[in-house]
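Have a look at this one.
In order of appearance the chains are A, B and C, and numbering begins at 1 in each one.
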Amino acid sequence: MSKTEKLAQHLEKLRINNMYKNDFYWTWDKTDDELDAIFTVADALRDLRERNISTKVFDSGLGISIFRDNSTRTRFSFASACNLLGLDIKDLDEKTSQIAHGETVRETANMVSFMADVIGIRDDMFIEEGHKYQKTFMDALDEGYEKGILEQRPTLVNLQCDVDHPTQAMADLLHVIHEMGGVENLKGKKVAMTWAYSPSYGKPLSVPQGIIGLFTRFGMDVVLAHPEGYEILPEVEEIAAKNAQESGGSFRKVNSMEEAFKDADIVYPKSWAPFKAMEKRTQLYREGDKAGIDALEKELLAQNAEHKDWSCTEDMMKLTKDGKALYMHCLPADISGLSCAEGEVDNSVFDRYIEPLYKEASFKPYIIAAMIFLSKVKDPVAALRSLEKRGEKRKEF
Amino acid sequence: MSKTEKLAQHLEKLRINNMYKNDFYWTWDKTDDELDAIFTVADALRDLRERNISTKVFDSGLGISIFRDNSTRTRFSFASACNLLGLDIKDLDEKTSQIAHGETVRETANMVSFMADVIGIRDDMFIEEGHKYQKTFMDALDEGYEKGILEQRPTLVNLQCDVDHPTQAMADLLHVIHEMGGVENLKGKKVAMTWAYSPSYGKPLSVPQGIIGLFTRFGMDVVLAHPEGYEILPEVEEIAAKNAQESGGSFRKVNSMEEAFKDADIVYPKSWAPFKAMEKRTQLYREGDKAGIDALEKELLAQNAEHKDWSCTEDMMKLTKDGKALYMHCLPADISGLSCAEGEVDNSVFDRYIEPLYKEASFKPYIIAAMIFLSKVKDPVAALRSLEKRGEKRKEF
Amino acid sequence: MSKTEKLAQHLEKLRINNMYKNDFYWTWDKTDDELDAIFTVADALRDLRERNISTKVFDSGLGISIFRDNSTRTRFSFASACNLLGLDIKDLDEKTSQIAHGETVRETANMVSFMADVIGIRDDMFIEEGHKYQKTFMDALDEGYEKGILEQRPTLVNLQCDVDHPTQAMADLLHVIHEMGGVENLKGKKVAMTWAYSPSYGKPLSVPQGIIGLFTRFGMDVVLAHPEGYEILPEVEEIAAKNAQESGGSFRKVNSMEEAFKDADIVYPKSWAPFKAMEKRTQLYREGDKAGIDALEKELLAQNAEHKDWSCTEDMMKLTKDGKALYMHCLPADISGLSCAEGEVDNSVFDRYIEPLYKEASFKPYIIAAMIFLSKVKDPVAALRSLEKRGEKRKEF
């Protein structure tokens, strides 16, 4: 039996009726079965592609990508996912330095969607705004579809907002599942999602939020660590706590990197900006207060500099389980002595983990493709089987 | 009988032999049958797509888009149309702030066209230059094809020049046809193409020109209204007058928005720049006279400000037929109290017409696709029937 | 027998086992048979396309293009080639004004390649850096493939580095072969690769290097001419000398344009920057010495201005074989009296050769497609025959 067939049989058992024609905003909107389905389809699409079997579902159609923040990894992942399924990409360039107005978003949403099957949006720059932009955009498409303006309603893949970064967190977790030899081995594993020093400023909170919001669902012991003043969105912490309780794991917060790293199976040290400061920043942008923005940046950089000891050094790694925790990062990392003088991680640590880090990243195109697949294909079990049976070669000759 | 078959039967009766391998510059270059054919094929392609039937005509090939002015709507429409027919898009980035030289255009035209099937050009910035650029480009391709440099001669879709904006005007008219329940119902309808105040400067004349050049061919009573000093290209006015005479409609000019709106079935209030000023502007650009350009801009903005009463207000709408004329716009509009303090249209008017406005825009990808289809497919009747019979699904599964 | 079948029969005789899964850096890495194979496949793909036969090898997949210098011709050629074979293009935008660091290149290489089949890189700005970037990039992909991060190892097409410009030189030579009526007619032909004056600064050396490195392999008498001080990479001169000896042709250097043009069958007058100065420039960029860069530019422009007599004038052309040498250029040229006051070539000369110049350029998409084809298709002879037999129309209807 092929791997794809095995995966199809697993998929068959999951309750995933709600995924068809539905959007992907946050992992905590989705049931366990739905997340399982995404992992399953991602693995199946990868298996088919590795066996040179075409997974084209579309003969034509567009995937629209909207990056309101810079991106290379996610941009290429989305492009790869669309291509894998037969969609062409069209980028919508939008000015990133301004907050979009609702009416403009409504109009743009409809104007670019006449032949769109999927919309991928990255908007992580402004706390309180990123998710709102995506929601406004998709609500406008609902309206457009209902009124017969659009003949199909494209579905959303959240490519990072101010709240969650689901394609990252899902790719990260699929990587962990593969590294640990199956989802059943996650229970009881200790995960340290910790803040780390970076000489840059204002990195989004969606990665730590995405990680604690997702990893707590699998019975793991998730520790969120950061210096005082680097709080993340409280709503997501509540979700993490609730998840942990339901999954039989745990979630706790500490203000010590050492404590988080102690006996950890997985460490994810990464810089982010304090939630309160980012709220203030959004307000300054709304008011167009350039001087205020500059002052805030200076203040935050000074605050950061007080915590240069929050770094994933060799000594810190020694604290982890057998000194061999799985080191994770969404990339690019600020590497001490390589990309900056002092940063998130020692060069020697980073270098030792390059292979797993790149593997971690390699799941993202498939995670995105699976999200699209499950939102556009009515009977995904039958479709996977048909693709395998059809057996069209991706590369002829 | 399917809608597509009905449309194919209609297409069969039209004399459209000249469309194959031909360019689309201006609607008034085309016969009534040729315009009819574009509407017919646009409707057929839409019908097929709505029934999930693939309309791919090309297995590979490129659509080249050249936007010498900013664009979101037209850019996405062209991309969607190419994708619908199986062509990939490749954008040629060109500096928009300079007037292109003939020799450079000739070389560029050939260099980007070795595997191009269709060229879409938007060049509306400079009176006397936009059309010239397109013509120079396509003449160069004629030469390249004759001399065996190109193995196929790509055809042109004018995506807006200084004279006409045919994909806009055709999409607008197809929208009107659908709203009015058929082309036979257009006769005698009053259309008000009127200038409207906008706080911005230098909007192209090609929309009003395109509208009066096209709508006068269908027996409608077309009124062009603008304040004194906002004249459009006289050549296009002559064409409109001639069209009206031949179609049994009328064309007249007034200097009162009220008069134009009075009992109108359709209103199209939109800002544009005076033709004479645009001529002067082109000359200033040719001379590289930056100070002169700035002075002209200031002067035009002041002139505009004298006509803030030219706005599509609720009161103005009440003058129209039953107070319910079809409000049209090419988008984006300058909306009073929303996108600007005082603009082309009241927010409440605009908001009431959002549904038809978006529908209006939704025809553009199909109009462009129909233009490409009719210029590249030798026997379009047979091709439509084959596509339907072939019945390949656009979205499998 | 079709042209493609004839070409397939020729291809059958060539030893080209090493091409599969291999990169294309420099022509002198390749055997005579390998170069022959590229010309042969380029002609076959062109024949098939001209007969409206689809040459799609891929059903999906990505061609990644990385242009670290501006480009229109090569960019469109690469896009056309990918499209011809069924690959979508995704551009990686990289800052061109900085020298890339090895670690960053390694990471980027893997991040963009998860679903990539081919990588096209242009990096010609910095002597000692262009090739290094490509090599670092592809070595990282080797590593990624070996470690199971990538499920396929994309192959490289060098779209211009600091050493060679193989897609240009190969297209140029295929043009010459067609103009001369076959590769067997090249022997003994005199080729003048000469420096020419241009008012701009810092044009890459890869074109003259590519030409002498390739044309010397076909028994031609290749003369490299430039003013003193405009030396090119000595390593490439050595390769040219060795090639000439092996092929029964000759290679010599002169400091007189007249001497080079005398009785030449082919002339290729083109500006480039002195190798030593470019070496110095790279060093200044490494040091971030902006003042030094500006001073060097000034110095080089002054040096250039001393050699305005190095221009392909009508008088100069009269020196060539029957006054009718084939004039070649990679385009765009600096044309005296057209694009600049004094430049590389007289307007009247350039204008007379426009047809062959454009034909010369038309080979590049096919050369690139052939490079991709031979690196990705296991049995190219069988594949060409299958494509012809399969007979899928590129344009249906």
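What we mean here is this: a residue touches a chain if its C-beta (ideal position, glycine included) is under 8 Å from a C-beta of that chain, and two chains touch if they have at least 3 such contacts.
Because the structure is a prediction, the values reported are computed rather than measured.
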Practice task
Using the touch definition from the top, list the chains contacting both chain B and chain C.
Solution key: A
Completion exercise
Here chain A maps onto chain B under a C-alpha rotation whose angle in degrees, rounded to the nearest 5, is 120
Handout entry: Self-contact between copies chain A and chain C, residue sets same or different by half
Key = different
Exercise for the section: Round to the nearest whole Å and give the separation of the Cα centres of chain A and chain C. Expected result: 41
Practice task
Would you please write down the residue numbers of chain B that are in contact with two or more other chains?
Solution key: 56, 88
Handout entry: In the complex with chain C, residue positions of chain B that touch it
Key = 56-62, 88, 90, 92, 101, 103-104, 106-108, 110-112, 114-115, 117, 144, 147-151, 376-379, 382-383, 386
Handout entry: chain C residues touching chain B - in the complex, by the definition given at the top
Key = 46, 49-50, 54-56, 72-73, 76-77, 79-80, 83-84, 86, 88-89, 331-332, 335, 338-339, 354-355, 358-359, 361-362, 364-365, 392-397
